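In what follows, structures are represented as C-alpha cells.
Below, chain A partners chain B and then partners chain C, in two separate complexes.
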Partner chain A sequence: MENNKYLREEILRMSGVNTSKCMKCGKCSATCPAYDEMEYHPHQFVGMVEMGDIEPLLKSESLYKCLSCFACVERCPRGVEPAKVVEAVRLVAVRRQGANRMTANDVPETIEEDTPQQLLVSAFRKYTK
Partner chain B sequence: MKVSYFPGCTLKNKAKDLDAYAYRSAEALGVTLEEIENWQCCGGVFTTSQDEVATKLSSVRALKYAADREQPLVTVCSACHNVIKQTNHAMQTNKEFSAKVNRYMANDGGYNGEAEVYHYLEMLRDLVGFDKVKEAVKNTLKGKKIAAYYGCLLLRPSKVMGMDDPENPVIMEDLIRALGAEAVIFARRNECCGAYTSVESPETAKRNASAIVENAKAAGAEMIITACPLCKYNLVKNGADIPVVYFTEILAEALGVKEDTDGK
Partner chain C sequence: MQRVGVFVCWCGSNIAGTVDVQAVSEALKNEPGVVYSANYQYMCSQAGQEMIKAAVKEHRLTGIVVCSCSPRMHEATFRKTAAAAGLNPYMVEIANIREQCSWVHKDMMTGTEKAIILGKAAIAKVNLNAPLTPGESPVTKRALVIGGGIAGIQTALDIADAGFPVDIVEKQPTIGGKMAQLDKTFPTLDCAACILTPKMVDVAQNEKIRIFSYSEVTDVHGFVGNFDVKIKKKARYVKEDICTGCGACVEKCPMKKVPNEFNLGMDNRHAIYIPFAQAVPKVATIDPNACNMLKNGKCGVCAKVCAAGAIDYKQKDEIIEEKYGAIVVATGFNPISMDKFDEFAYSQSKDVITSLEFERLTNAAGPSAGKLLRPSDGKHPHTIVFVQCVGSRCAACAEKGKEYCSKICCMYTAKHAMLTRDKYPDTEVYVFYIDARTPGKNFDEFYRRAVEEYGVKYIKGMVGKVVPEGDKLKVQASDLIANKQLHIDADLVVLAAAIEPDKSARPLATMLTASMDTNDFFTEAHPKLRPVESPTAGVFLSGACQGPKDIPETVSQAGAAASKVIGLLAKDKLTGNPCVASSNELMCNGCSTCERVCPYGAITYIDKEFRMPDRTTKIRRVAVVNPAVCQGCGACTVACPSGAMDLNGFKNSQIMAEVDAICK
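So, the complex of A and B:
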C-alpha cells in the first residue's frame, strides 16, 4: 500500500472533511443506495483516504456510482460527510488530462424523447471536469 | 407579493407543466413569480469540493438578482433548489470561497449571501400559509390517496437545506392534506431514485425507482407526487404503474387553475 501524503492532503482540503473522525461503524455504506454497484464503499473511501491509500480509488468505477444523494452525509453519527470525500477523489480523477468520462458526442446516443435536461447537465457535472 | 423566480433548464423544456402549474397556482394565491432575467442553468448537482468556483457562479448571479430586489428567491425544481441553497450557504459561511467568487462578481457589486432561498413548497408553507392554500381550494381532492416522494435533493443535507426533518418530513403531506386528499406515508419517500446514473447504468435507477414505487403502492398510494423532473423520469421510466405527477399539478387542479395552463 502506498501512502500518498500529497494526494491525501489535497483531498482533505478540497472536501473539508476530517477523515480521522470516522469510527468505522459502516452506517454510510449501509444506507448507500449505490452500494451494490460499488467496488469501494463509502466507509472504505473515508478509511483509505485517511491512510493515504488513494490510487486504487482513483482507478475505481466506484467514483462514478455515487449518486450525491447525501444519505451518508445525513446519517453519519460522527458528521464525517463521506460523499464529500468521494466527490473530491472523483474530481482529482476527472481533472487529469483526457479523463473526462463523457463528451458531447455521447449525448445523441443517450437521449430519448422524454429525457429531462436535468439528467444530462447533472451527468456532465459528475463525469467531466 | 412578488418573488424572484428561478425556473431552471428542465422547466423550460421537458417539465413545462411543472413550471406552468407553478405560475398559475401562485397567481391564484396572490404571489407573482417574476422570472430572473438571463438566468443560467444551475448545473444540476452541487459540487461539494471547496475549490470549485466557476460551477457555482450562475447560482450566485441568481442570488444577487433576488438580493438586489429585496425579494425571496423561489425555486421549484429540487435540483435547482439544492444547488442554489447550498451555494448561498457556502457564500455565507466560507470566507475563502466567498472571496474567490467575489473576484468574478466585482463588476456586479459583489454578493455576500444576503438573499433568502425558498423552495415553492416552503413559499406555500412559510410565505402564503397552508391555511390560506386550504381556503383557496375550489376542487377538493377528497378521496384521493397521494404519496409524497421527496427523494434526496429537497431534504439533504438538512443542516443546509433546513426545509424539514430529513427522516420524517411533513411539508408535502401537509400540502396534500390542505388540498383535501389523504397523505400516504411510505418508508422510501426520502431515498434516492438513482439520479443521473441512469445515463450510463440504468440498473441502479431501475432497482431504486421500482422499490420506491412498490413501497408507495404497498402503503396504499394511488398517485405519487414529486418536485423533481429527474425523479419523475426515473420513476416513470422504470415502470411506475400509478400516476407520478408534479406537486404543482395537484395544486393547480385543487385551486381550479389547471385547465388555464393547458396549451400554454
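So, the complex of A and C:
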C-alpha cells in the first residue's frame, strides 16, 4: 500500500492531473475510440489511480491500446485530462527495468511502405524509456 | 478625550479557537482613551449586550469598540445596544477579528497579534468619532417588478393584494415568461398553461397592477423608497388601448416566414403577431425587422383589415418616467447556446434538440400540435436519447458551459421521459445521467415512477458523441455500471441544456448598483438569512435571476420578495444613513471631479457668495452633497484634489488614525 501511495503521487506529479476533480460522469469512456480494445477504460484509469489501485493498470495491455488521441481530454467537462493519466502510467511501466514495449530490433518488421517516419518516432517515444 | 470601552468576543470557539481573547483584551487595556476592557463568550447575546450597557453606565463610556465578527453581521446589534445605554449609536466601532482574522489564520500567535492590531485601529478611530444623527426620507408607495414571468407575476399579485400599486415591465409583447412555453409541470403533471394563464388574467384585471409589455427599464436613479425609473415602451405599431386582439391582421399579413421565437424557431409566424392565444395583453405587435410597410412603405394590409383602426405605422418609442419605493428583479433565465457542443451535433441535425424545444414539440399549442414528431421529417421517433448535464457542472472551459448544477434538468428530463413512454409506449427512451438529483417534495418518487412504472431506461454514464448518419443519429455513450460502451441508433436526441441568467440582467444590475456573482446571478444580501434581498437597499430578488429554480421554489421566493416589499412600502418614513459625504466649501475649488465620480448623482454645484478677508464679496462655485441620495461610498473623498470632501463616520483623519495605529 505504501508503494502504491508513492506510485500514485509519482503518476499525479508526472501527469500534472488532479484525479480528485473527476465527477465520474464517464464522458471520457463514452468518447473513447479505442474503448473496445481496452481492458481498463479511461474513466477506470482516473478512478483507479485516485484510489491507488495501480498495479493492475501497469500489467494491462490497455496502456498500449490508448491512441493518445486526446478526445477524452477535449470532452471532459471537469478538465481532468484522462489521456495524460494513461500516459503517465505507461511511462511508469516502460521505465521499469526491461519493460520496454519495443526494441530497435522489432522495428523493421513493422514498417510498411507508407509508414510515416513520424510514426516511428512517436512509437519510440511512447513505448520506450 | 473619549472614554472607550473595549469588548472582545470569543464567538464560542470561532474566535477563541485561534485568537487568545484574554491576551487581546489585556493588550488593548492600555491604548489611549481606553478605560475598560473585557472579553465574553458571546457579545451579541442578551447577557453580552447587558454587559456593555452596564459598563457604559459604570465607567461613563463615550465610545465602544467591539472586537467580534464582521460589521455586516452585528454592527446594527451593537449600535442598538449603545443607543439603549444612552450613547449615540455611531460611537460604536467594530474590529472584525472573525472573518478577517480568526477564520483565515491557523496559528494562535499570528491570529492574536493581528486581532490586537485590528483592535488598536478601531480604538484609534473611535477616539475621533463624533455623534451622528440620521435623516429621514419619505417612501413612494409603488413597486416596480422587472420581468413578467411566473416570478414577476406572483410578486406583483402578492404586492397588489396588500393594497400597493405595482408596475410590471416585460420586454416581450406578453407576460408569461418561460412557464408559458412549458407543456406539463412536475411532479404533478398539471398543464403549465392551465395554472399560469388564470394568474396572467388576474394580473390584467387587477386594478393595482399596470403592465408595461414590450418595454425595458433604461435608467434607474435614486435610493430605497425613492427610485426614479425611466421605462422605454418600444413601439409595437399597434395602439394597445384600441386593439381587441381579434387576430384579423395576423391572418391577412402576407409576411409569413418569420421564425417564431415562442416556438424557438421551429415554425414561422407573421410579421404582425400575437405570441400565443392566451397572451396578456392580447394585443398584436408588428416586428419592424420583418414588416414590409415599415421597411419600405409597401403593404399596409393590416391597417386595412383592422376594424378597430388600431394600426399605427408612425408609432414611436415612448419613455415613461415613474417613481417607485421598491424594485423587484425577476429577469429569469435562458437555456445556454448549444453551438459550442459539437460532439452532440446540435447544429448538424434538426433532430438534436434542447429540452425547451422538446416542451414545444409536445405542447398542444406547439408547432406539431402536441404530436411528438421529428423536426427533420415529421416522422414519429422510436428511439429517443435524453442527455443530462449538457453544459452544467462543466468546469473545464468557461466559454462553453457553466460550473454550477442547473437544478431543474433532472426533474424535467424524468417528466419528458415519462410522458413519452405514457403517450407512445412503443418508444424506447434512454436517459443518460451523471447523478439523478431529485431533492424536493414528491420528486424522487416521480423519478422512480418513470423508471419502475413507465420503463424509462436510466443509464449511469454520459454520451460521448452523436453522429448523424442517414436518418439515424448514432449515439456513442458509456454505461458505467455495466462497464460498457454503448452504441445506440436514435431517432431523436434531447439535450438538457444548462440554464443561465437572462442577458438583460447584467446591464440592469449596473443600473441598480446591485451585485452579481461570476455567473451573472444576482447576489442575495445573505445566502441563508436574507435570500430575497439584494445588498442594495430597496432592491429585491425573485425567481431564477438569483439562481436556478423550479416553479414551486420560484413561487415561494416571489411571495417572500413581495412580503419584503410590502414591509418597506408600509413605512411612511425611512431612516437614512448618516455616514454620507459633505464638502467643506471653504476648501472646495469647484473642479467638478467629485460630481463626475459620484455613481449616484448625489453631488451638484452651486454658485455661492463668500465674504473675502478684504470685506469684498466673491461668488464661487462649490460642491453640495444631497444627503438623501448619497450612499456613503467615499469615491468623492478619494477623488477630491483639495481635500474638501469628507465622509461622516469615515473622516480622512479617522482613516489615517487607523492606518497609523496599524503601522505603529
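The criterion applied here is as follows: the second predicted complex is superposed on the first by the 126 of 129 C-alpha atoms of A that agree within 3 Å, B and C clash if a C-alpha of one lies under 4 Å from a C-alpha of the other, contacts with A are read in each partner's own complex, and residues count from 1 in each chain.
Convention: a residue touches a chain if its C-beta (ideal position, glycine included) is under 8 Å from a C-beta of that chain, and two chains touch if they have at least 3 such contacts.
Everything numeric here is computed off the predicted structure, so don't read it as measured data.
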Per-residue touch tally on chain A - higher for chain B or for chain C: B
Touched partner set for A:76, first chain B, second chain C, both or neither: second
Which of chain B and chain C A:59 touches, first, second, both or neither: neither
Partner chain(s) touched by A:5 [first = chain B, second = chain C, both, neither]: neither
Chain B versus chain C as contact partner of A:21, first or second or both or neither: second
Contacts of A:110 with chain B and chain C, given as first, second, both or neither: first
Partner chain(s) touched by A:36 [first = chain B, second = chain C, both, neither]: both
Set intersection of chain A contacts, chain C complex versus chain B complex: 36, 71
Chain A residues touching chain B - in the complex, by the definition given at the top: 13-16, 33-34, 36-37, 64-65, 67-71, 73-74, 81, 83-84, 87-88, 91, 102, 110, 114-127
Of all residues in chain A, those that touch chain C in their complex: 21, 23-32, 35-36, 41, 43-44, 71, 75-79
Chain C residues within the chain A interface of the complex: 343, 389, 393-397, 401, 434, 460-465, 476-478, 480, 483, 485
Residues of chain B that touch chain A when the two form their complex: 8-10, 13-15, 41, 43-52, 55, 77, 79, 151-153, 155-158, 166-167, 191-192, 194-201, 203-204, 207-208, 228-230, 232-233, 236-237
